[in-house]
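Below, chain A partners chain B and then partners chain C, in two separate complexes.
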Partner chain A sequence: MPILSLAWKSLLNRRFTVMLTVFSIALSVALLLGVERLRDQTRASFANTISGTDLIVGARGGAVQLLLYSVFRMGDASNNLSWESYQAIARHPKVAWTVPMSLGDSHRGYRVLGTNGDYFEHYRYARKQALSFAQGTPFSDLYDAVLGAEVASALGYRLGDPIVLAHGASDVAFARHDDKPFRVVGILARTGTPVDRTVHVSLQGIEAIHVGWESGAPARGLSPSAERARTMDLTPEAITAILVGLKSRIATFQVQRYVNDYRAEPLTAILPGATLSQLWSLIGIAENALLIVSTFVVVVGLFGMLTAVLTSLNERRREMAILRSVGARPGHVFALVMGESGVLTLFGVALGFTLLHVLLFVAQPILENQFGISIAIGAPSLYEISLLGIICASGILIGAIPAYRAYKLSLADGLSVRV
Partner chain B sequence: MSPAAKHTPGDRPAIIDIQALSYRWNDNGPIVLGIDTLQVAAGEQLFIEGPSGSGKSTLLSLLAGVTSPQKGAIRVLEQRLDRLGSVERDHFRADHIGYVFQMFNLIPYLSMLENVTLPCRFSRQRRDRAIGRSGSPAQEALRLLGHLDMAHDELLERPVANLSVGQQQRVAAARALMGSPELLIADEPTSALDTDRREAFVRLLFDECRESGSTLVFVSHDRSLQNLFHRTIRLADINTALQAQRQAG
Partner chain C sequence: MYRATSALTLSALVASLLTPNGLYAADEHAHRQHAAHVHGIATLTLAAGDHEVQVMLSSPAANIVGFEHPPASESDRRAVAEAKAKLEDAQRLFVFPPAAGCQTVHSEIQSELFASAHAAHAHEAEHEHEGHPAQHADIVAEYHFECATPGKLERLQVQLFEVFPATEHLEVEYVIGDKQGAAELGHAHPILTF
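Up next, the complex of A and B:
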């Protein structure tokens, strides 16, 4: 195809502007693909935070709020539920297992979860994956703590290190339980879920550090020593939430109704899957906005190309007349300009794709460590391929505009362009 | 003797034959070119002279098949151009016509050799002829450039935009002669050259046309060159559109 080789040489001749155009298309493509991939990964990791749990029970309140504090460690519970309620639910004939959760304390910005050994046994994430220990064991002593992977790596803790919990979410001196330090006995393997950002201790541990703190701050002389606390009855009076596994999923709505209609105190039971998608539909709006913005960036990139090619046309009318004089048809002129836009788009898309992968390659460990976002670098998905296909097709189609203009010009000019 | 024979020297066949032609650029614009009859014989070197705006370039566009007359017959190489469609005319031009512009003849992003071999990209026939003559289009281009004293290595490697105007015109002539087209059309190719160079350039064209058996139609408003040609036509005299205008005005 003689015309394509001409188009190629003509582009080479205008290297600098051509490179700028290709680069702006590439950046916009990289942005779009990057946003798309991030979206995909967050959606996946979002859906992966909890699995295998049939119901989550908390004090009466909003479903999304309950999901946020029990699973995502975000926000706070407005109310607790009593230990008696917990035991009643645990004893329900359709319930296979329960995990009590007591939230409210923190350690250097990371939430502390009081629970029991059932947590390590029954908590599941992603595709029914169980928690596993990178180092150490579950807690057995009153003052043992198990760290999520991120807590351990970000704060540089190793097994045996002492840690001090703080009352509430803010770690300030007067609210530290520094009379009862904990010891790291286990570090969990990375899960890519909020578990990584959690410090786990026993319910009794939580109870022990709060003896004498009923008013929210240590009452003078009422807080017993760490050793004395061991001798006390540390059964909690209240917990924050319960994860519930059922013997059969068929009973889900029956147990949910049982909890929602529970007489002794107002409770709420939610289905994690349903509430996750409810939450996702909220977040999804922001994500869609991001996608729309990056789509527009691609449109702007292609319009940049359109402008570049259109402005080049006027100074190239002479060239078109010369081509016509050696026998090029107006159709050839059309193909020449169209071919140029095509080459620009294809190179832009290819470069954008490469650019994104180089960036991901560099950024992947950083994203993983700093934000817990793991982005897989792999072959492009079918969706991404079709996205790239659409961009290429639009670029080539947009190229028809300057091509048509060149076609009309060369018809009107014939051989008679004066420079 | 037919009236057509009046302009035809000897009894060589006419390569161009125009009858009762009239042309306007726009449907409702004025007629800019009207020619009752014009013949050019094969191998002739014709000089067409006329003031600016007299329709010289318009006539050449018609001969090259870039445009088509609204009325009348225009026959080139026994082919009724006025009856061909625009695509066929483009093919016809690619195969049979070499064209030299006033200036800026070269495509800046192609090398000198690529510029000269350009017609071979659009015409199989001219490509075959170039191969038949020198073995390959590039070889033929070098041969032609050699005749025009342009085949020096140093010149060949230079970007064509860095050539002098005279050098560019010689490269353009080589391109127009590539693949030995039957008709060579030159639209004021010398107007950017100084007087000495003009005559030298015209003589070079003559030599090459003679060698490849091409007919030359050469347009200029510079009368000093006309004595070198077989024949001179004053377009102002034969363009009936101009005469009509003059009578009206």
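Up next, the complex of A and C:
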């Protein structure tokens, strides 16, 4: 036991280098765990974006592109699909429900989605969770809008506030539909999905604000007043995508073929779950690269410790010699140095773990608001524990190198060692 | 990637000729659509619900038979017949976990190559000297299984790569209950885990 207190005092004596070593291990551990946590949670929230939808139909094009614009509100459709095709698909005997989606306008950087009431009924995320209203109700009037949680909180909107949609993605004065403002009637509860960043209005509302905008800007005198637009036929000619739910899932590929072979219009139907996993396997490459880099950071951290302990050995030859003179065996010296590396690693890992959690605690709301990534702060997963275990074991093993050197030196050196 | 997601397959063509939609095919407004066709790559869809499992394999005929022209010689015809027999052996191609207790109920193999096997003689004489350009041909195989314990359907071993070594990749999309997924199988990893 006295040898332990001696070891502790020896560490305290070199506290500055020791602290730096522990800190560098801690940082590398925090980075590795952080990357791992982020990877895991991103994958989960990615896969949780949409569920319960059997097929997504859009104009003929790439599956990933269709998924990105219809679900993630990223990128744009290359083509729209006609209302007639939508009707035909909705009438297919195996189709239980459909949700039409019309994209293309924006409100202060947030995408506007034109849809109908079925969206709130059928859209599911995570484990088949339905959308719920934090305040208000679905749209019923032509100029009603329902905001995603983030839109409402970031722009500070409340029920009853008027909002003006912009034509296309750019919010510039001449491209605003300011003659037909919408009124906020509902705010959705937070979902952690792109729904939070969406402004929802009715398909007819989208049509109404575009009457007379065929040239891309309001034609003078051609754009009817908000009230007159109500009296017009506002059935859209085309929409951007359709979410499809089937009566029986076993018919999924059958309906997919029906859509893909639909003769009147070139269409694409995708299985959102299958396309998500394809997309993830693409992203997975970058993800692995990130993990490899952070693994190397841990290796560098451990090497830093090795260097620090090895360098200190030269300064400590006299210390070792004194220990030997008061009865420590060479084996004790070996255990002492190895134990020191072990303690440094353990402290490093513990500090790293704490550091990560403090960081996560601070960063969580920011990540959730800015990137829609919700990171659960919880007990480490089995995988994380095994990662930490591997780091500790390697730290202790690496300690054998300086320990062996100290052992040899303590055999060779006498009390008269010159340092 | 120049593979289209849709496979306008023969079965679809046949089906569309039989349904009112098919009227368009003979129409002068015939739509010119061509599904991508990459030798070495095949697609598989699997849908499972209740006790039923439906599997559909679409592959360029080259992967299965070795050629895509209408069978011209006796050895061609033999190759086509052999390939068809191998494809019909569903239990050899798809190995479900024994615990799931899956039985083949039905299998159906379709291809331009089989269709022309009967009429080949008549057409050969006409076309042989015209330098008829080689057409691409696809094979579509549909299988229907019944599984006693569908809860045990955890994976599927696809032996396609052993039976038809010219098949390099198999792109799989599946629906099992509520779960959808995609995977890419190959010689080195022929097992699909759901």
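Points worth noting:
In the analysis below, the second predicted complex is superposed on the first by the 409 of 419 C-alpha atoms of A that agree within 3 Å, B and C clash if a C-alpha of one lies under 4 Å from a C-alpha of the other, contacts with A are read in each partner's own complex, and residues count from 1 in each chain.
As a convention for this text, a residue touches a chain if its C-beta (ideal position, glycine included) is under 8 Å from a C-beta of that chain, and two chains touch if they have at least 3 such contacts.
These numbers were taken from a predicted model, which means no experiment stands behind them.
Aligning the two structures on chain A places chain B and chain C side by side, free of any clash. When the shared chain is aligned, chain C comes close enough to touch A:248, but chain B does not. In the superposed pair of complexes, A:153 makes contact with neither chain B nor chain C.
Of the two partner chains, chain C is the only one touched by A:266; chain B is not.
Of the two partner chains placed by the overlay, only chain C lies in contact with A:63; chain B stays clear of it. Contact with neither chain B nor chain C is seen for A:42 once the two complexes are overlaid on the shared chain. No C-alpha atom of chain B lies closer than 55 Å to any C-alpha atom of chain C in the overlay. Residue ranges on chain B touching chain A, taken from their complex, read 57, 60-61, 64, 66-67, 86-87, 90-91, 93-95, 99, 101, 103-110, 114, 118-119, 121-123, 175, 187.
By the touch criterion given at the top, residues 51-52, 54, 60, 62-63, 128, 248-253, 257, 260-261, 263-264, 266, 268, 270-278, 281 of chain A touch chain C in their complex. Every residue of chain C that touches chain A in the complex is listed here, in rising order: 5-9, 12, 16, 21, 24, 31, 33, 45, 47-50, 52, 54, 56, 173-175, 177-184. On the side of chain A, the complex with chain B involves touching residues 2, 6, 9-10, 12-14, 318-319, 321-332, 414-416, 419.
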